[in-house]
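In the part that follows, the structures are each spelled out as structure tokens.
Two complexes are shown next, each including subunit A; its partner changes from subunit B in the first to subunit C in the second.
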Partner chain A sequence: MTGIMDTDTGRAVVSVMCKAGFEESELLEGARLSKDLDIDSTELVEIVVALEEHFDIAIDADAESAFRTMGDLVDHVTRLRSRGEPVGAAATEG
Partner chain B sequence: MSAIVITGIGAVTPSGIGVQPLWEDVRAGRSRITGIDRFDASGYACNAAGQADFEARDHLSSRFVKRTDRFTHLAVHATRQALSDAGLTVGEDVAAERTGVMVGNVLGGWEFAERELRKLWTEGPRGVSPYQATAWFPAAPQGNICIDQGVKGPARTFVADRASGAYALVGAADSLRRGHADMVIAGGVEAPLSPYGWLCLETSGLGAKSRGSIQPHELYRAFDAGHGGSVFAEGAVFLVMERRETAEARGAVVHGELAGWDVTTDGYMPYYTVEPTGEVLGRAMRTAVQRAGVTARDVGAVFAHGSGVPFEDVTEGYALREAFGGDCDGMPVTVPKTGFGHLLGGAAPADAALSLRAMHEGVLPATPNLDRPAPGIDLDLVRGEARESGRWEHSLVVSRGLGGVNACLVLRS
Partner chain C sequence: MPGAAELSDDIATEVARRIANPWAVPVKQRPERVPAQGAVRAVGVDVVDVARLGLLLTERGDRLADRLLTPLERALCAGTSEGYRLNCVAGRVAAKEAVRKTLTRHGAGVGWHDVEVDRESGGEPLPLLTGRALEAFGAAGLTGLHLSITHDADVAVAVALAT
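So, the complex of A and B:
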């Protein structure tokens, strides 16, 4: 079974979070952001802003509370990317 | 009243990690003041400092380091050292609710803050780290020590210019005596080596000015005729303090006692000067000695504030005369910080720790760069070589700051 962490987006999210001081080995699909990774609201802001800049996406603040695990986070970024690509392409052409 | 004893000491200073390297430098009269290489200080009046060779990521997790300023790194590491020296684990050997933290600091965490403020003005609010608010403020080391050690008792940060660290030790003693805590981690920290932090020290008028012919390590000249201000340094010194019966009940090694203290205030205009007669500072010195239950003749050494600011040096001499009169003639006065730099918030805790080592080893460290005493300073200044004087039992630590804050401590060996 290929997990969502093995996708391009999954690997990129892990890379962004490693730059924020995390160890790659702890960023597993089922790892809970709050309980397992000790991410508080301030650190979540840091991660969300870093992901937004890296992927050129906008993550709705309301969606943040729905991220329970690493898998949720990667899944959300994946969906935003697939939705955002045509817009990004149009903007680039314009 | 219970005696307040010191059972653990931790330090990160320009001499290295721990009190031992600091003591060895001080005892040998070795200077740790160098030209600044942390940032480009060529445009500043003073380009000499005491820099601590401390790489935070070697000792602390990168997720902790990214959200905190250097002053927190220094403080958290020094605190871990102090607790390890005391053989204490918070929550196991002493209840978290009965453990306190008292911290002295002057400037706050500017290395972190000024980097983020630069982003604010160049990139806008979204460019600023979400940790800015909690990394910068002076109580950040206190909060992070509490989190790191799981402390849940009384915790406070004292901001009283260069007397901040002495206030923290007094705060700890008060807290222990009133029964608010059974153990208090107390000390001070400063990390002034960033472009803005250094500028604040320059505009304070307290810093020495670099001069072409004088080497960085020769610039800080407390009580010397060539005195022209302090050379500042970064570092943290923390003590573990307990009531004597608590310490003895657990079989702790006691390094010494904080036997007496006093604080007085003599704010004076213009603001950057001090009260010219030394009378009020002298009262703090005298009262601290009285509270220790001894007399001036029992004081074997004075670890003076010795800022090197001419009017502060002279009035400190007046204050000692005011407090102890003719007994000053047999009272050696030294300023070992001249060799490693003025640690600001950490200065008085460093002197307290050094005085305990000096008394234990019976060696009076000298004041580096004190070649020719300044006129008007009539004291038994320890200069040249350290004096092998044999053990003594009481040392006075003098600390003072702008706005007239005076805090004096008496340490008993």
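So, the complex of A and C:
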């Protein structure tokens, strides 16, 4: 069975995160962003912006605060890409 | 002597308890914790590396700044000095995190724009809560929020006290 990390999107998310300084070997589907990867809220927003730029998508604030694992990130990006989400359409907060 | 008999029963119970589990520590009954009116109920503190944040802002530009700051905060942090702008943004990022921490478990899902850090006429930071932050503030039973931001040695530190 192919996992979500083995998809084109999964590999691309890993690639984006490696550019932000993470090791590919630690970016597993179940890796928890905070507890396993030590990602704080500022790093998470950096990753989210990097993913937005790379995939030409818009990740809204609700989604950002709901990400817990690498799998959550990849899953959300996958869904946005399948929808063909236009840039900026969901970039609302507050 | 009824008193002596009761005491003996207590001792016997205690001896039996210790034989059953010598490591068990009796738990004292604690009085119900009701915070005094106006007492500090939660504290949040956060530190931001100004240089690192500056690097991120250079790399990601307005997109990152827009995500972190409200339009009001961006206007507050606009200035001709790069150092002032960076310290202002870093202070606000630290402040938002500090405030979020005072919301404890209720703060899950609070977005960057749900906590806005305005400035009072005297210069002190003024936290304004909206959306999920405001809901969390109410759910946590908080009534007041105090905030302080300081900058030194390339870091911005914020402390929030909630009453």
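Following the convention adopted for this analysis, the second predicted complex is superposed on the first by the 84 of 94 C-alpha atoms of A that agree within 3 Å, B and C clash if a C-alpha of one lies under 4 Å from a C-alpha of the other, contacts with A are read in each partner's own complex, and residues count from 1 in each chain.
Operating definition for what follows: a residue touches a chain if its C-beta (ideal position, glycine included) is under 8 Å from a C-beta of that chain, and two chains touch if they have at least 3 such contacts.
This is a predicted model, so every value here is computed, not measured.
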Three-chain arrangement built on subunit A, subunit B and subunit C clash or fit: clash
Which superposed partner A:Phe55 touches (first subunit B, second subunit C, both, neither): neither
Dominant toucher of subunit A (residue count), subunit B or subunit C: C
Which of subunit B and subunit C A:Phe22 touches, first, second, both or neither: first
Partner chain(s) touched by A:Glu46 [first = subunit B, second = subunit C, both, neither]: both
First (subunit B), second (subunit C), both or neither touched by A:Phe67: neither
Superposition clash, subunit B versus subunit C, among 19-27, 55-63, 91-99 or 127-135: 127-135
Footprint overlap on subunit A, comparing subunit B with subunit C: 42, 45-46, 49
Residue numbers on subunit B that touch subunit A, as the complex places them: 61-63, 65-67, 126, 129-131, 134
Of all residues in subunit A, those that touch subunit C in their complex: 41-42, 45-46, 48-50, 52-53, 61-62, 64-66, 91, 93-94
Touch list for subunit C against partner subunit A, complex: 48, 53, 56, 60, 63-64, 66-68, 70, 93, 97, 100, 108-114, 116, 130-131
Residue ranges of subunit A touching subunit B (in the complex, touch as defined): 20-22, 42-43, 45-46, 49
